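Chain lettering (A, B, C and D) follows the sequence in which the chains are written, and residue indices restart at 1 in each chain.
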C-alpha cells in the first residue's frame, strides 16, 4: 500500500489538500511535524510521496518547502493541488458560547491574519491565543485544561471533530485558495497534458549582476512563460542567491527542454524539480513559433543546408 | 521617548536585531505576537517603528512581512540589520543534564532545522518538541511544569536568562546571518549614503506574460542591479501576482528615480517601500553612464538641441 | 531668395523630389555633381538646403548620403520626400525608332536594373550603355554625336526635354517609391506634428559586442520604434563601426529625449541629425505609458516621495 | 577551367580583390558592367563565382550587392577579401604635366570624395570630371580625344597601363580597406575554420515593431555576435523591410544553427546566404557556455532526465 506524508497534524489545510489527491485515496496518511520532516520521509523511502504547502499557506511552510526541495537530496514535484481557504469559528463541545461571551480565540498566526477583519467586527473583545497550527488550536478545545474559548480552523476539521460551529465563512477574503505540491523521489516524469508546469532552481555564481536578465531572456526568446520567480539566499551566507522558478510547460516540450539546456550551459548547478500537470487545467497557450513542430522544422531547415 | 515594536517574545533573534539599531538604544521596546501585530502598531502610531525579519529567518515571518508591508496602509523600510545566527543548547536551571541524558529538546521548527545535523550526531535519542519561538522554548525551562529537558536558543537569551549552557555554536552552517528591517510610517527618506537599497512592489495586471522581462529591462537599461525579486500571489486569488523587489540604490539617485518613474508609467499600482542604507556598507558600484552627473549631461545635451 | 542644391543634373529623380518640397517652390535650384557636393554647398552657406536620396535610390548616393551627413560638419535633416519611381523609354528627337530597331539604350546602372525584365521581353537585342545618371543618358539623345538610340529616364524629364516617348511605365516593379531628404544647417527643429521621424548616428567604441542590443533596449524600454538601422564602417578602418538609425518620433517628445539622453550617456559621440515630419503622414502610435503626460506623471510621483 | 566574374572594367579595385582570391589564380576573369550582371552570370552558370564589393566601396555597388543577393535566385557567399584602398594620380602618357598645370581630373565620384582633401591642397584649380569607374577614367587617358588631363585610380592599374604617376598615396585616410565577397551558387558550405562569418537576410512581416529586438535577442542569448546589421526596404514599397545581417560564426556551430533555426521558426522567409572564413583571421571568441561541447552537455542533461 502506498503511503503519503503531509504537514500535520490531522485537520490542517495540508491534510485537506492530501484528500484531493486521487492517487492517495487508498494510501496510508502520515502526519509530519514539519515540511522538512515530511520531505525527509520521502527521501528515506518511508513514504512514497509527501504533500506540503508551496505558496501563500495558512500554516506557513512555504519558504521552508522551497528551500528544502532546492537543497539536500534531490526530489521531484509530481503534482499540485489547490485548496479553497475558508474558516470556521468553533467553540468548546461542553460549553459553547455566544460570540459576545468569547474572551480568547486560538489559531495559527497566519490564520488569524486572514480573519482579523471579521474578528474586529464580531468579536472585538476576544484575545488571540497563538497555536502551532489551526488543527492544534481546534483540537485543544476537546481538552478540559484548555484556557481559550474558541478556535479558528478549516471546515473539514470542524466537522470531523464535531465541534459546535459558532460562525462560518469568516475569512476576510473570499475565494482565496492555497497551493500544495505532491513531492516524490526522482523518477519518470508525469506524462505531458498540455497544461503542465515545471519547477527548477538556479544557483547563481557570486557577483553576477546581470544573471537575472540573462535567465529571463533564455525563457522569453523561447516563448516560455514564468508563473513564479524568487531570488532566495542560499542560507550559507547572505549575498549568495539562487533563483527558484516555476514555468508553464513540460520538460518534454522542445522549447522547455531548450531553455533548460541553455540554463544548464550557463549555470551547471541548475536543479530540475519536476514537470507536472497544473492544478488549473486550462491549456498553456504558446507562441506558434515555439511548438514542437516549429522546433523540428527549424532544425530541419538548418540541417538541410548543412547536408547540401 | 521613542518606542519600537519587534517580533517577540523577548529573547528572539528579532530582539537581537533590535539591539543593533543605534537609534533604538534608548527606546521603549515592545514585543509583538506576530509580524502583522508589530507592523500594525506602527500604522496606528502606538510605536515609531518596528523591527521584523525579512529574509531567511529562524522564526519565520518572512512571507508575512513582505505581504504585510506590500498591502494595507503604506509603510517605509528605513533601515536593515544583519544578525549572525548561532545557537546554544540550554538546560533546566534546577537539574541540568548530560547530553546523553536528554530525552526531548524544544525550539522553533526553523531553528531545529538548522541544528539537525549537530543533534543527530550528539543527541541522537532526544526528541524534538515544537515551540512557538526559540525564546518561548528556552523560557519554558524556567517553568516546573515543563516536560522537555533542554532548548535551542540564541546566545543572548541563554545569557540573559542565565540558563546552563550544554553546548554552543551548534548550528550546522557557520557564518549564517539573518536580515531584519526597521519599518516606519512614510516620511522623509533617510539620506543617501552611496551604499543604499530600495524596496518596492509591483502589482501586475492579469494576463501579462511579458511583464517580468519588461520590468527587468527597465532596471537593466539604467544600470540598476536587483538584489532580490519575488513574484507573490496577491492573496485575493492565485494567478494574480505582484513582484516584490529590492534594488541597489536610493530613490534620490537619478537612475533609480528614472527606473521607478518608468515602472509607475507602466504599472501605476507600484508601491514604493523605502530607500535605506544597506546593512553591508560596501558602496554600490554603478556603470559610469548612470551616475547623476551622466544623467545631467545627457539631459543637457538634449535640451541644448531643443533650445537652438 | 532661398536656394536649394540637389543631386543633379537637371531631370534626375532627385530634382523631381525637390519639386515636391513646398518651401522650395520659389527657390533657386542648384544641380550638384554628387551628394557630397550638394551637402557641402549647404555647409558653406552657398545654399540654404539640399535635397539628396537617402534610400533605395535609382541613381545611387544612399551610402554616400548617410556617411556624409554622419561625418564632417554637422547637418540636420529637416524634411523627407517620397517620389514614385516610374520610367519611360525615350528616343532621339531627330530619328525616333521602333522598339525592334533599337540597338543600344543608355541609362544609369540602377535604373537599368529596374527595367531589365521589361527590356528582356520588349527589346531583347538592345545593348545597355552606362550613363552617369538617367538625366545624362536622356539628354545625350539631343546630341548628334551620341551613338546610342534611346534612354530610360524619369517621366518629368522626358516631358521637359520633349523627347519622343517609345514606351512608358516600363519599371518591373510598380508602386516603387524612393525616399529623399532635405538637409540644412543645424538650427531650430521643425515643429512636432505627431507623425515625425528622427535620425542619428552612434559611433561605437571598438570591441563592444553587446553594444547593439544595449542600444536597442534603450529604445525598446521607452516605446521608441526604429524604422531603419544600419551598422556602417567608419571608413577609417573596417571593424570600427557606427550605427545609423531612424526612429519614429520627435526629439521634443519626452520618450525620445530620454532615449537619446541615454545613448549620449553611453556613447558620447552620438550625433543627432534632425527631427522632421515623416513623408507618410500617418500619426505615430506609441504605448500609452510613453506619452509626455505619462512621463510627467511618473516624474511627479517620484518627486512627491522625495519631497515628503 | 574555372571562371570568375567581377565588377569591372579591368583595373578597378574589385579586380584587385579578385587577384587576392587564391582559387581564382588560374581562372578566367570576366569583367561585368554591374554587380547585378556579375551575379547573374553566376546564377546562369556562365561563371563559377563572382567577386563584388560589399562594404564601403570606392566604386559603389554595396547596396546593389546586398539587395541582389537577398532577392532573386539564391546565392551563397563563400569567401571575403579585403583590399587596401590607396590612390595614385596619373597623367597622359603623351604629355604628362606638372600638378599646377592640371585643369581637370577624372575619376569615380566615390574615389574623388576620398582624395578631396589632397586635391584641395595640391591641385586646387583642377576641376573634377565624373567617370563611371576609376579604371574608365584612367584608361581614357590613353585616348587622344579625351579632354581631361589626369585621373585618380588604383595603384595596380596605374602600373599595368604604364601611365605616368604624378602623385601617389593621395588618399585622405590612410589605412582604409574595402571588403569584397566571393559569391557562388548554393552548395556545400566551406569548412569551419574557427574564424568564420555567416550572412543572412530576414524579411519582416509588416507592422512588427518589436521584431528587431526579438531578432537581436535570439542571437544575444546564444552568444552570437553581429558584425553588420542593416534594415533595408524590399523595393516593392517602402515600409516593408528586411534585415541584412552578418554574424561571427559558421552555420555548422551549434549556437549559430540554433539561432538560425529560431529565426526560421519566427520568420520562415529568412534567407541564408553562406558561412565562410573571415578576411580577418583572428579566431572568434565565444562565451564558454556556447561551445558545441556546452550545447551537447546541455542537451544530454535534459535527455537524461527525460530518460529516467
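Here is the rule we go by: a contact is a pair of C-beta atoms (placed from the backbone, for glycine too) under 8 Å apart; a residue touches a chain by one contact, two chains touch by 3 or more.
In UniProt terms the chains read A, B, C, D = Prephenate dehydratase.
Treat the numbers as computed from the prediction; the structure is a model and nothing was measured.
**Q** Under the touch criterion given at the top, what is the topological distance in steps from chain B (Prephenate dehydratase) to chain D (Prephenate dehydratase)?
**A** 2
**Q** Report, in whole Å, the distance between the mean C-alpha point of chain A (Prephenate dehydratase) and the mean C-alpha point of chain C (Prephenate dehydratase).
**A** Those two chain centres are 60 Å apart.
**Q** In whole angstrom, what separates the CA-based centres of chain C (Prephenate dehydratase) and chain D (Prephenate dehydratase)?
**A** Here chain C (Prephenate dehydratase) and chain D (Prephenate dehydratase) have centroids separated by 22 Å.
**Q** Send over the residues of chain B (Prephenate dehydratase) in touch with two or more other chains.
**A** Counting only residues that touch two or more other chains, chain B (Prephenate dehydratase) contributes 217, 220.
**Q** Got a list of which chains touch which?
**A** A-B, A-D, B-C, C-D
**Q** In their shared complex, at which residues does chain B (Prephenate dehydratase) touch chain C (Prephenate dehydratase)?
**A** So the residues of chain B (Prephenate dehydratase) touching chain C (Prephenate dehydratase) come out as 186-189, 214, 217-218, 220-222, 251-252, 257-258, 260-262, 264-266, 272, 289-290, 294-295, 297-299, 301-302, 305-306, 308.
**Q** Where on chain A (Prephenate dehydratase) is chain B (Prephenate dehydratase) touching in the complex?
**A** Checking each residue of chain A (Prephenate dehydratase) against chain B (Prephenate dehydratase) gives 33-34, 36, 55-56, 60, 62-64, 82, 109-110, 112-113, 116, 128, 130, 132, 173, 175-177, 179, 209-210, 212-213, 216-217, 220, 225-233, 235-239, 241, 280.
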